[in-house]
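Going by the order they are written in, the chains are A, B, C and D; count residues from 1 in each one.
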Amino acid sequence: MNKKLKVGIVGGTGYTGVELLRLLALHPNVALTTITSRGEAGLPVADMFPSLRGYVDLAFTDPALANLQDCDVVFFATPHGVAMSQAQALLDAQVKVIDLAADFRLQDVAVFETWYKMPHSCPAVLAEAVYGIPELYREQIKAAKIIGNPGCYPTTVLLGLAPLLEQGLIDLAAPIIADAKSGVSGAGRKAEVATLFAESSDNMKAYGVAGHRHHPEIHAQLTQLAGKPLQFIFVPHLIPMIRGMLTTIYVKLSASAQSLDLQALFEQRYQHERFVDVLPAGVFPETRSVRGSNQIRIALHQHAQTGYLTLVVVQDNLVKGAAGQAVQNMNIMFDLAENTGLEVVPLLP
Amino acid sequence: MNKKLKVGIVGGTGYTGVELLRLLALHPNVALTTITSRGEAGLPVADMFPSLRGYVDLAFTDPALANLQDCDVVFFATPHGVAMSQAQALLDAQVKVIDLAADFRLQDVAVFETWYKMPHSCPAVLAEAVYGIPELYREQIKAAKIIGNPGCYPTTVLLGLAPLLEQGLIDLAAPIIADAKSGVSGAGRKAEVATLFAESSDNMKAYGVAGHRHHPEIHAQLTQLAGKPLQFIFVPHLIPMIRGMLTTIYVKLSASAQSLDLQALFEQRYQHERFVDVLPAGVFPETRSVRGSNQIRIALHQHAQTGYLTLVVVQDNLVKGAAGQAVQNMNIMFDLAENTGLEVVPLLP
Amino acid sequence: MNKKLKVGIVGGTGYTGVELLRLLALHPNVALTTITSRGEAGLPVADMFPSLRGYVDLAFTDPALANLQDCDVVFFATPHGVAMSQAQALLDAQVKVIDLAADFRLQDVAVFETWYKMPHSCPAVLAEAVYGIPELYREQIKAAKIIGNPGCYPTTVLLGLAPLLEQGLIDLAAPIIADAKSGVSGAGRKAEVATLFAESSDNMKAYGVAGHRHHPEIHAQLTQLAGKPLQFIFVPHLIPMIRGMLTTIYVKLSASAQSLDLQALFEQRYQHERFVDVLPAGVFPETRSVRGSNQIRIALHQHAQTGYLTLVVVQDNLVKGAAGQAVQNMNIMFDLAENTGLEVVPLLP
Amino acid sequence: MNKKLKVGIVGGTGYTGVELLRLLALHPNVALTTITSRGEAGLPVADMFPSLRGYVDLAFTDPALANLQDCDVVFFATPHGVAMSQAQALLDAQVKVIDLAADFRLQDVAVFETWYKMPHSCPAVLAEAVYGIPELYREQIKAAKIIGNPGCYPTTVLLGLAPLLEQGLIDLAAPIIADAKSGVSGAGRKAEVATLFAESSDNMKAYGVAGHRHHPEIHAQLTQLAGKPLQFIFVPHLIPMIRGMLTTIYVKLSASAQSLDLQALFEQRYQHERFVDVLPAGVFPETRSVRGSNQIRIALHQHAQTGYLTLVVVQDNLVKGAAGQAVQNMNIMFDLAENTGLEVVPLLP
């Protein structure tokens, strides 16, 4: 307990980076030792993010000069492709790795290369990587050296559907449909016209309708949970809010499922999960109820005549959808209580 | 052309009321003669809505003192139940009626009474009423004395699906699913905690999952367009934007439809419609592209492997979804060019 | 340390109430024992505020049945006028009182009665009350039985100007001007048209230009700090953000002040204050840098030719401007470390 | 009336560009002939701005290929420095020029060069240019060949103070203080981190406190209106709204002014101005009351004890603060009714 983990962050200037810093700054078992940034080396982190004044005293380090091998664990909060170039060396130095980008999420290298337009440089490491949703893969995470932290959208769809797929309760002759809505921070802290305030405020749109990178990731995981092929339609939307993600999922129940008490099934499945909250029947969640926290909340509604079930799942895309889940994974990997540093009451209003 | 229609508005203090005023104030064939409000009688309209200073000089009139029989047409921008109490008397006085509430939308009185929790007081007038979507019922509107102006959600779903349903191209064994997103003005200008800025900003939620008043309205109209029974799942969501509605629709295509050029089908169906814009293939609309205007924009995407089609439809909920469509209906009823007073370039950004 | 304070909250359904709950739920020295609400008695608190699910298990209690005398301290997060009706009884029972409304802020009863339109029912208690800004009145707070917790606007103006007024560095022949901007949560969680999302989003306005309740409160405190009469102009504005307050203050420096290093003066004045952050010269704060936290940040700029100084002060109106400061006061009253339960990293983005 | 002006726009991809297009598309006396963009040549304008579908059929033209000499008038909606490089050639071809950037706003070339960090390439043209606020310089605009269209902030300050300065009613021993608040569209349609939705939503800040480009522009114009030197403090703030600007101005009245009926003075000064609306005493404007329109609204409040006057001025920064005023100037230059194409009812809500 007393000994602190030495933690490094590669790429601390984006939203997942600052969110990791927010959570780790108060984590009782963490000593932040290094935060790298190619472009901002030398700049005190709190000069870029004044919210961290008084909490983070480090300056950004040039990646070339960072002694990441001395860390116990390194988080990559970088663009896709960075972690895979450094992972092997860190693992060789007995440093555990948690990648918040996509390098270690897709076990099928061809699929990765199609969607991310780059060759995968370390398929051997990929083969060792564990997909980091604790509620699905806790035992593997405990033993893992490297985690592919899931995308924000996948976390909502997979935790929403796991109780049904694990029990074979979905009629997979019909496609699973996920209509997902994300706050704008999901697009990252990049200078782009499309996510300017004056472009995305008082406005909304669907995007990636013809194909989105999280589609293959979710599809692969759903297939694994189902243990058989299935069809999956995924339409993400951009919503004028900073944080927050709400995914509405439509599935056709199997004949046997239609007479089950699915509310009870969900409550039982997640009764020991600190961060998964199944709402009482008839109550539906709003995104602000998890703002800033690692909670994910799930509600379900059965449409009697149609045999369909609607699920509504909310999370903070930067916490359970990214940095919070990464810290949860770290806690598990280092045998800490899973909620250490993650007991933050959501900010409402 | 020179003679102006005498226009009255009952209930001018809500969002559909002020939107009617915005559009009618510059309508070249309209003379606003009366705007009633029980609570605000005597108050100059522009004192309540300073945006109308210099455009609307009238004060609100006590409904009891308003000579609505002298109008050529009266719009009801009132809560549900008001129009049906006054419609017969106006029709007897040869005044045409356009109701923006629900009194004349549902031909099945029992369904109306179930959802709106009030008896229907004039079923005979209801039988005469025309459902006011010009692109579907133009000829009937031309001859109508009374219009049930559609709800905002229904307009998006019905115009999105009409080209398919008219041609029998949907496999109705699967439910039609409409995942709809609305700006907060759709909830009206009522003092309620749930729609306060501090409650609904930076936040979103699904609501009415177990049942929403627009479900039976849409279901009835879809059934009529299809000419046969169908199943319909409808989940509305509240989005932190003032105006704007985006509805994402998922349907299973019939076997024969899957090989058709549906893009061309939609373009042809709406090629002469001033206010329906089918976007080029691969382009998806954002809500601000119609802000303040009567346009509705539609895009479609076919998911090859699943046999499903996704439609994305946007409108300004207060214009094509309410007041603009009402003015469009008025223009048709009085044989004016359908776009008169409605050529407003959307406000972007 | 081990013994927990028994804490009661009167009026837990508003924004200052839920904010107290957010902070106190994780406070290591607090046991929440009672939360009252006349209208919501019996309702689990977390049913109204789902953000508190898993953190607050209490239900609202009918005020008539609440045993507040058993508490160590009671917070009033109520409309003005409630605390003064109950304070004497609580004090008699050795319960300390922290009122977040205005009942104990203004020592001049006549001024209170003019602005709050009600008689003051316990001037004797008022005479004992301490104005709760720890950075100004820490010693008195330590000994206080009852605190008048300051309004949100006053905290920004008073902490912004204290270093100057304490040293007599303002030329009081010119009025002090405070141009203040507040997020909408400052208006409270009340069903009102003016603070609806569709009214206050993408919009801003000045209000209370001819007179605002915080004017006399600030004026009285400024006068006390200055030790002499002064003129004060205060114009608050409503800004479309949930939380956050930014006050821009314009003062004429005294002749002697114009050659001082005011940056150093401010840094020294607040060097030991955990919650007051004087930004480096040339850096100006944004409101989100304190979102959810008890920090207040101050920046200053001297206009050489005019002899004027501009101050920019930001805080979270619900934390340092209300509930956070109240908890800070509680910590002081009960001899706890002043930052106990208040080390929350601001939520950015 | 029948003959249409041939209008060109240089730089049509920013917010002032698309706003010009919105207004000019429906202007009865305008034929849009050319819209240039270096980066987007060939792209249909409506592909970039779908709001213009059906209203603008032109594609962007390469500036090198644009026959701007054939236009009657050319608007520059470009970065600073472009108009001055092309103005002389256009004037030589008898084309009138309206520059929405800063090239022709500051008569003092040295001041321009200090603030805009570039040499002024055509001081001779500058000497001919008229500062384009019709309510102050209508006669000169009528005769002008080239207009320096004012910045957004200056328009609010100058129209707010003109009635007082013209009559010598301000005590100029005290500085004039303008605390200005702008929506984010004022920063333009540029890919920058600081104006991303996730950065500027639910947030506000002061900026340019130590110096802003509009300070010298306003200072020069104020000095001209006053006819004598004065001191001016200007602090702009960024507000999370798309459009809208509210400027709060604090001035010390001269002794004689303090007993005048200033409300009447303002009403008389602007009684024949279509676009300047002096609100009734005691009523203060909100920015949405002018959203999308060329109106500017002014309210005033006299602080009895201090001798100070507070002015609150609102406009839509993209209309009266930019494109609308430019069209108003064009109307005057070509002897059209000043409100032609500008009668747009503000969009509320």
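General remarks:
Going forward, contacts are C-beta pairs under 8 Å (C-beta built on N, C-alpha and C of every residue); 3 or more make two chains touch, one makes a residue touch a chain.
Not measured: the values here are computed from a predicted model.
Compared on C-beta pairs in contact, C-D and B-D come out with C-D as the pair having more.
Of all chains, the one whose Cα centroid sits at the greatest distance from that of chain B is C.
One finds 39 Å separating the Cα centroids of chain C and chain D. Put simply, the C-alpha centre of chain B and that of chain D have 37 angstrom between them. For chain D, the set of residues that touch two or more other chains comprises 15, 183, 185, 189, 198-199, 201-202, 240-243, 285-286, 288, 291, 349.
Residues 15, 18, 22, 25-26, 49-55, 185, 189, 201-202, 242-243, 277, 279, 283, 285-286, 288-293, 295, 297, 318, 343-349 of chain B are the ones touching chain D in the complex.
Listed in rising order, the residues of chain D touching chain A in the complex are 15, 183-185, 187, 189-193, 195-202, 240-242.
Residues 174-175, 177, 179, 181, 183, 198-199, 201-207, 209-210, 231, 233, 235, 237, 239-244, 246, 248, 250, 282, 284-288, 291, 299, 301, 303, 305-306, 308, 310, 312, 349 of chain D are the ones touching chain C in the complex.
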